[in-house]
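Alright, structures below, take your time with them.
The same chain A turns up in both complexes below, where it pairs with chain B and then with chain C.
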Partner chain A sequence: MFEAIAFYLFAFLTIVMFSVTVFTKQALYALTALAAGMIFISAFYFLLGADFLGAVQIIVYTGAVMALYAFGMMFFDTTRNVKEYGRSPQIIFLLSGMIALLIVIIFVVPIVSENITAIYPVIEGVGNSQAVGMVLFTKYLIPFEVAAVMLLVAMIAGIVLAGKKMDYSLTLMEDEEIKLAEESKEKALS
Partner chain B sequence: MMEITLSHYLILSTILFAIGLVGVLKRTNLLMLFFATEILLNAVNIGFAAISRYYGDLTGQMFAFFVIAIAASEVAVGLGLLIIWFKRSGDIDLTSMTSMKG
Partner chain C sequence: MDIAFLIETVVKIVVILLVFSALAGFGTYFERKVLAFMQRRLGPMHVGPYGLLQIAADGIKLFTKEDIVPQNVVGPIFKIAPVITAATAFMAAAAIPFMPSFTMFGYEVHPILADINIGILYILGVMGIGLYGPLLGGLASANKWALISTARAASIFISYEVITGLALLAPLMMVGSLSLIDFNNYQVGGIASWIVWSQPVAFVLFVIAGFAETGRTPFHLVANDHEIIDGFGTEYSGMRWGLFFIGEYANMFFISFVIAILFLGGYGDGSGLGALALLAKVSFIFFFFLWTRAAWPDVRPDQLMWLCWKVLMPIAVINIVITGIVMMF
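And now, the complex of A and B:
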């Protein structure tokens, strides 16, 4: 009973928030609605007994990702309305057809895939965080390490791309400037 | 109706995924496009967590964690590229990125 009420309430709220994100013309409205939707989604994780995932959702998405977007939006002109250009009817027809096909596939797949058994069953007698840790650091250790390397690469890429006080930034210069910089470097070497 | 089953969560996940997909297809502003991709990733995560619960398997939660990690790194790199593009062209619209004429 309680679960049903919570599910329908949060389902409604999440759908409304994400619809606002997708359909609004104001970038700031989209950002705040997205952050609210992320927090509402963590409620589903708590309902599903995935407490650790819910906490990670709040910390990473609303804490880190949304803060990053908020900082990024300082660079852009967010006060004016977002301009949207119209697309041709053929493209809209094609894309909506693809969405319909995708939804049919998504609904059919659980019916097709019967007889699913758990590879790593939920460990009895321990909390969710402990069970997650036990599986993550035994069965999924290599993907975990690879994800760590990927996050490091992303961090370095973010610093290099958005950092200001680099020696010089290839991505910001015009083609002639890049050529000049290379020539001066060659002169310095020879 | 009062009993919440796996289908409820999968339908919710599909609805959210469809909203995100509409956003990806509709938006031409790249920042809004990023928001829509976040919605897509979150919709899939709900599906993973629900499967994990109803089949008693932790694999779904593991995949959800990795999806979150990928989303975080995607934002870091993508936003950096977006800032550079905005500094270069003063516009973050997809239609302004037509430098490669086919």
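And now, the complex of A and C:
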């Protein structure tokens, strides 16, 4: 009974939160609702006994949404409404509605036809994180390593793109040095 | 799920909430006294004997102060931000074993709310959410100081989460479990088997990251009084501000428990002496937080980032590699 109550409570909360994310015109409301929705999703993992994934969901998405906040801070005045330009709301509504319907069908069909079997059933007496590790390092070793290489590539690209002026810190420079640097930049531009 | 379990859980929740809310109050008193003695002052002396009732006076002041929601703030977010800080601090306590299990009236009590087998991950994750309090409070405040403090909170969070995780990885590899109780049982053989001796680097890194995560001096950048007033708390008054305070001090207590259990042997073999030893360790780590505040200046934000990415992270990665090599051979 507790599981059912918890499931419906968190299902309701998650849907409300993501609806707020989509419908509001306030960047701050949208981001906060997104973060709350992501954290409420972790409740489903806990309910299903996947503690490890639940905790990882919390850690990863709080960090990720935090980065979105940083962007929101740079691009908007977060205390004001954002003006949205939508050329044709009908097309947006149709497309998003279709995608939502498709996703529901994709997930409901196997449940209705009762064709679901666990390929890797939970092994008794093995902890949650160990179970994830066993699947990750045997069956899915290559996708796992490829993902690691992709992240490494992204990191190196980020360093190359952002690291052009790494040895140049405005905080550590004297006022005259900053002026000189600006003048030389202006000369180079003109 | 039987009724006894439900009642036991509810009682535990109430006890943890009451004890640590009160301790947060006492924490402010201790902080003022310790800082005062280190600066050759007396600290609070006038209210009650030796200033002990200062906590009550502060409490009355916070509770009865007018609750102001300034113009131009984003109301709901502004109001919920302090609650997030306080609530997540106490949520993190759910996976901390505060004491060894003991028998009371013929009933075995485990002083931990939920012994989930990923305890430490859960604690770090929920403590991470705690930083949403300063972040949201600052963003919703429509105040420039608050916005600067928000930017700092976001950068500290994103950087120091990395250090915490990497520092923990090496001891985790040794223990082979994410449960705090397993960590405690690993170190049951007395002082010589504490993880701090085999993983001193991880210990230092974790403590530094703990300072960053709780926002204590020398990483007190989110509310640095002498440059950005009170940062995210500038626009807050009364009990809303008080909730930020309770959250901060409760977080300090809980991170002290986590450090003591992870690295300093926890409650040892589970005897009464072990429980007292755990309390002594936690008190010392809490005192260490205050001591550092009295002895160290604050660092600049760019120094903080430099320290995180160019010093601590490489050290943490090297520590993991060395631990792995030693464990393999």
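Please note the rule applied: the second predicted complex is superposed on the first by the 116 of 190 C-alpha atoms of A that agree within 3 Å, B and C clash if a C-alpha of one lies under 4 Å from a C-alpha of the other, contacts with A are read in each partner's own complex, and residues count from 1 in each chain.
As a convention for this text, a residue touches a chain if its C-beta (ideal position, glycine included) is under 8 Å from a C-beta of that chain, and two chains touch if they have at least 3 such contacts.
Source: prediction; values computed, not measured.
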Exercise for review: Give one of first, second, both or neither to describe whether A:Met150 is in contact with chain B, with chain C, with both, or with none.
Suggested key: first
Check your understanding: For A:Ile39, is the partner it touches chain B (first), chain C (second), both, or none of the two (neither)?
Key -> second
**Study point:** Which superposed partner A:Tyr120 touches (first chain B, second chain C, both, neither)
**Key:** first
Check your understanding: Once the shared chain is lined up, is A:Val22 touching chain B (first), chain C (second), both, or neither of them?
Key -> first
Practice item. Spot which of chain B and chain C makes contact with more residues of chain A, would you? Key: B
Point to revise | Touching partner for A:Gly158 - first (chain B), second (chain C), both, neither | key: first
Check your understanding: When the two structures are overlaid on chain A, which partner does A:Met73 contact: first (chain B), second (chain C), both, or neither?
Key -> both
Check your understanding: If you stack the two complexes on chain A, which partner ends up touching A:Ala4: first (chain B), second (chain C), both, or neither?
Key -> first
Check your understanding: For chain A, what residues appear in both contact lists, the one with chain B and the one with chain C?
Key -> 52, 56, 69, 72-73, 169, 171-172
Review point. Where on chain A does chain C make contact in their complex?
Key: 2, 26, 28-29, 32, 35, 39, 51-52, 55-56, 58-59, 62-63, 66-67, 69-70, 72-73, 78-79, 127-129, 169, 171-172
Exercise for review: Could you pull out which chain A residues touch chain B in their complex?
Suggested key: 1, 3-4, 7, 11, 14-15, 18-19, 21-22, 27, 30-31, 34, 37-38, 41, 44-45, 47-50, 52-53, 56-57, 60-61, 64-65, 68-69, 72-73, 75-76, 82-85, 95, 99, 102-103, 106-107, 110, 116-123, 131-132, 135-136, 139-140, 143, 147, 150-151, 153-155, 157-158, 160-162, 169, 171-172
Exercise for review: Please give the residue numbers of chain B that touch chain A in the complex, ascending.
Suggested key: 1-4, 6-23, 25-29, 31-32, 34-36, 38-39, 42, 45-46, 49-50, 52-53, 55-59, 61-62, 64-66, 68-77, 79-84, 86-88, 92-93, 95
Practice item. Quick one: which bits of chain C touch chain A in the complex? Just the residue numbers, please. Key: 1, 72-74, 76-77, 116-118, 121-122, 124-126, 128-129, 131-132, 135-136, 139-140, 142, 147, 150-151, 154-155, 157-158, 161, 177-178, 300, 302
